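Chains: A, B and C, in written order; residue numbering restarts at 1 for each.
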Amino acid sequence: MTAFEAVRPPLPKKPFNPTPVWLSGWLALLWVIIVDLDLSFETLMYGAEDIVEYFSRYSTPDFADLSRYVELLGQTLATAVWGSALAFVGAVLLAPLAARNLTPNATVYRIARETLNFMRAMPDLLLALIFVAALGLGPLPGALALGIHTAGFLGKFFSESLERVDGGVYEAVSATGASRLQVVMYAGWPSILREALGYTLYIFDRNVRMAAVLGLVGAGGIGLALHDTLRMFNYNESAALIIVILVTILIIDYLSTWLRGKLN
Amino acid sequence: MSSSRLCWPTPNGLPAPGPSAILAACVLLLVISASSVELDLVRLFNAIPRMLEFGGHLLVMPDWEYLPTLGVNMLQTIEMTFLATSIALIISLPLGVLAAANASPHPMVFHVTRNLLTLMRALPELVWALVFVSAVGLGPLPGIMALSFVTVGFMGKFFAESIEVIDLRQVEGVAAHGAGWLQLRTFAFFPQAFPDFVGTVMYILDHNLRAAAILGLVGAGGIGYDLVMAMRMFDYDRLLPIALSIYVVVTALDRLSDRFRRRLI
Amino acid sequence: MSKIIIRDVAKRYANGFEALKGVSAEIPAGSFTVILGPSGAGKSTLLRTINGLETPTSGSVQIGEHPVTHASLREVRSQVGMVFQHFNLVDRLSVMTNVLTGRLSHRSWLGSLLYLFQRCDMDIAHDALIRVGLTDKAWNRADKLSGGQQQRVGIARALAQQPRVILADEPVASLDPVTSEEIMGLLREICTRDGITIVVNLHQVEWAKRFADRVIGLNAGVVVYDGAASSLDRATLSRIYNRNGDQVDEQLETMLAYA
């Protein structure tokens, strides 16, 4: 044995690995939540049999009222279309103000940012409730609610994209004596058009799902029909409605993914 | 010198065909759906005084006695979000592997899992919540079930997409030393996809908090129930506190997840 | 007219760094001036104070009769064209549209919102493209062009403004030697033919000697030389490129060998 083998140079001290701590903390938290919410695995197990039986009630969908469903579906889609259009307009107006490299001053930036945050934070359902109270039942309050809520998302996406554009491009157009609006129109939007359209399609996709649901609070469309049939324990018609909603969402999903693929 | 004939910056002076077509299609869509959405500017205009009146109603002293209940219900909403997202995370990790073209054991498994995930996320959470409330009764349980179910659909898809864009050469490196199927996925696939996973989880947490806030509408737990009841019973002194607490919690999570994401990546 | 007067301009950044320490110069109308100096000397900062992209902490800049102030910024900029090292074109727009952005200061906000231009704007842009020799690429997307072509679009954009002054911030730093010579030649020709005052930032001494009437040598924010390009000799170049008091600098020797 050589002198070297007898004395190995020691390894540096192993850095503290926090992963086990995080992991156990997480599991502990889950346990606390389960206790606090009074969830019992037993109810779920006992309920399992009931659940299976329950889902079997949906096995014979009744499409007798299909024409009415399709009409309601049209209303839902219209709500999504107008809601998304409204969101787009709102986002286009606010996003340049909420982009650090395009905003005129810090105050406007803060206000625009907070407005977008507020619009995002307010659940569209709450907005729909308010608009139904003001405008009465129907798809229009739903469209407004969707428009305002998703304008917050779209505005945030747009402003982040605008911030990622190379500052030099903005500078160059600015250096020709162009106004701020012109810089936004000629250096901002053209640079992010592809991304922006992609985001818009994504939001439209999301709005179709939400529009189906807003009917539950009276904002028109197919959600209302589903709420009624479920309340009357009319499982066959509920099954038919769910299938109609499902198929529509799948089609829109597929179309929007295809379109986004073409954009890239 | 100044000729005022206006034109577009294209060879023939007319607007470019691509953007014009898109614009025309959108306008057409809007026009067709205008009647279905019952677009009525008069109605909108007449509703403005009612909106303002409503706004005025909101600005009253909050119902102080209700605030503790509000706190408890908000907490319930947060707990539902966290629990449902965690459950979905545990289920989505293996499903994500199965649904990734480069990590799935068999093309049949890949296709079945992918389609399953698509179906799981097709219907909005509220629809599932309605169904589960009908099945297991009121309370947070159906809400958590609905939320987990739909979240697995999204998370599984995002995870699978993150796995599909990893560098296969790193996998080859580990495989060359005789790693088994599961070892390969744990030590070569997962570490690469991890930053994307974290981003996905943060994004989904954000989304789920907003979703959980409205599940109460159908009795599936959380603050949604309070919200709808306050509207129906015209309890204006509760509305603003509820709305504000939702705003505060959602914004707090937003900022937290931004900071968390920056630290981890 | 298009004379540039720089009076005692100083620029101090928030972190305390003094990029310019009291620079004064008078650039005669219609001249071709090159600003030389090592990296960090303040060349870019000085150039950008002329069209207001940088605001001096003290001192003033005047172009003709117009002082460069916050209020007069747009008016000044419409008369001052700028060419950038990285071209700074809007990638997704066509070459023609990029050149037309030079006309934006003359367009109404409503018209420009809709991407509408007047016939005469189109003609001016067309002339600019003829000048830089890129008419056949007019409808191509800007990012599909080579580096040299993109820089020529940048120059066309500046020309479309019908400016009194053109500023060029390291216009050839991203280009190969042959293309660089073409671009410098183009700028020189524009100066001579149209009488536009041209100020160029360079770090290649050889271009300065070949194309400039005048050279301003900048080192550590201070003017160390201001005179004819023909009078540039080893001594003055040593002064300009002298760093931290080093008297012997290997890179300096190489650079001087080209001079």
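We take it that a residue touches a chain if its C-beta (ideal position, glycine included) is under 8 Å from a C-beta of that chain, and two chains touch if they have at least 3 such contacts.
Please read all numbers here as calculations on a predicted model, not as lab measurements.
Counted as hops between touching chains, the shortest connection from subunit A to subunit B is 1.
Two chains share more touching C-beta pairs than any other pair, namely A-B. Centre-to-centre separation of subunit A and subunit B, using mean CA positions: 4 Å.
Rounded to a whole number, the gap between the C-alpha centres of subunit B and subunit C is 49 angstrom. Looking at subunit C, one finds that residues 97, 115 touch two or more other chains.
The touching residues of subunit A, counted against subunit B in their complex, run 26, 29-30, 33-34, 36-37, 39, 43-44, 47, 50-51, 54-55, 74-75, 77-79, 81-82, 85, 117-118, 120-123, 125-126, 129-130, 133-136, 138-140, 143, 197, 209-210, 212-213, 216-217, 220, 226-227, 230, 242, 245-246, 249-250, 253.
Looking at the complex, you find that subunit C touches subunit A at residues 51, 53, 74-82, 84, 86, 88-93, 97, 101-102, 104-105, 107, 109, 112-113, 115, 154, 157-158, 161. Put simply, subunit B touches subunit A in their complex at residues 22, 26, 29-30, 33-34, 36-40, 43-44, 47, 50-51, 54, 75-76, 79-80, 82-83, 86, 118-119, 122-124, 126-127, 130-131, 134-136, 140-141, 144, 210, 213-214, 217-218, 221, 224, 227-228, 231, 243, 246-247, 250-251, 254. Those residues of subunit C lying in contact with subunit B across their complex are 94, 96-97, 100, 111, 115-120, 122, 139.
Interface residues of subunit A facing subunit C in the complex, by the touch rule stated above, are 166, 168-169, 171-179, 181-182, 185-187, 190-191, 193.
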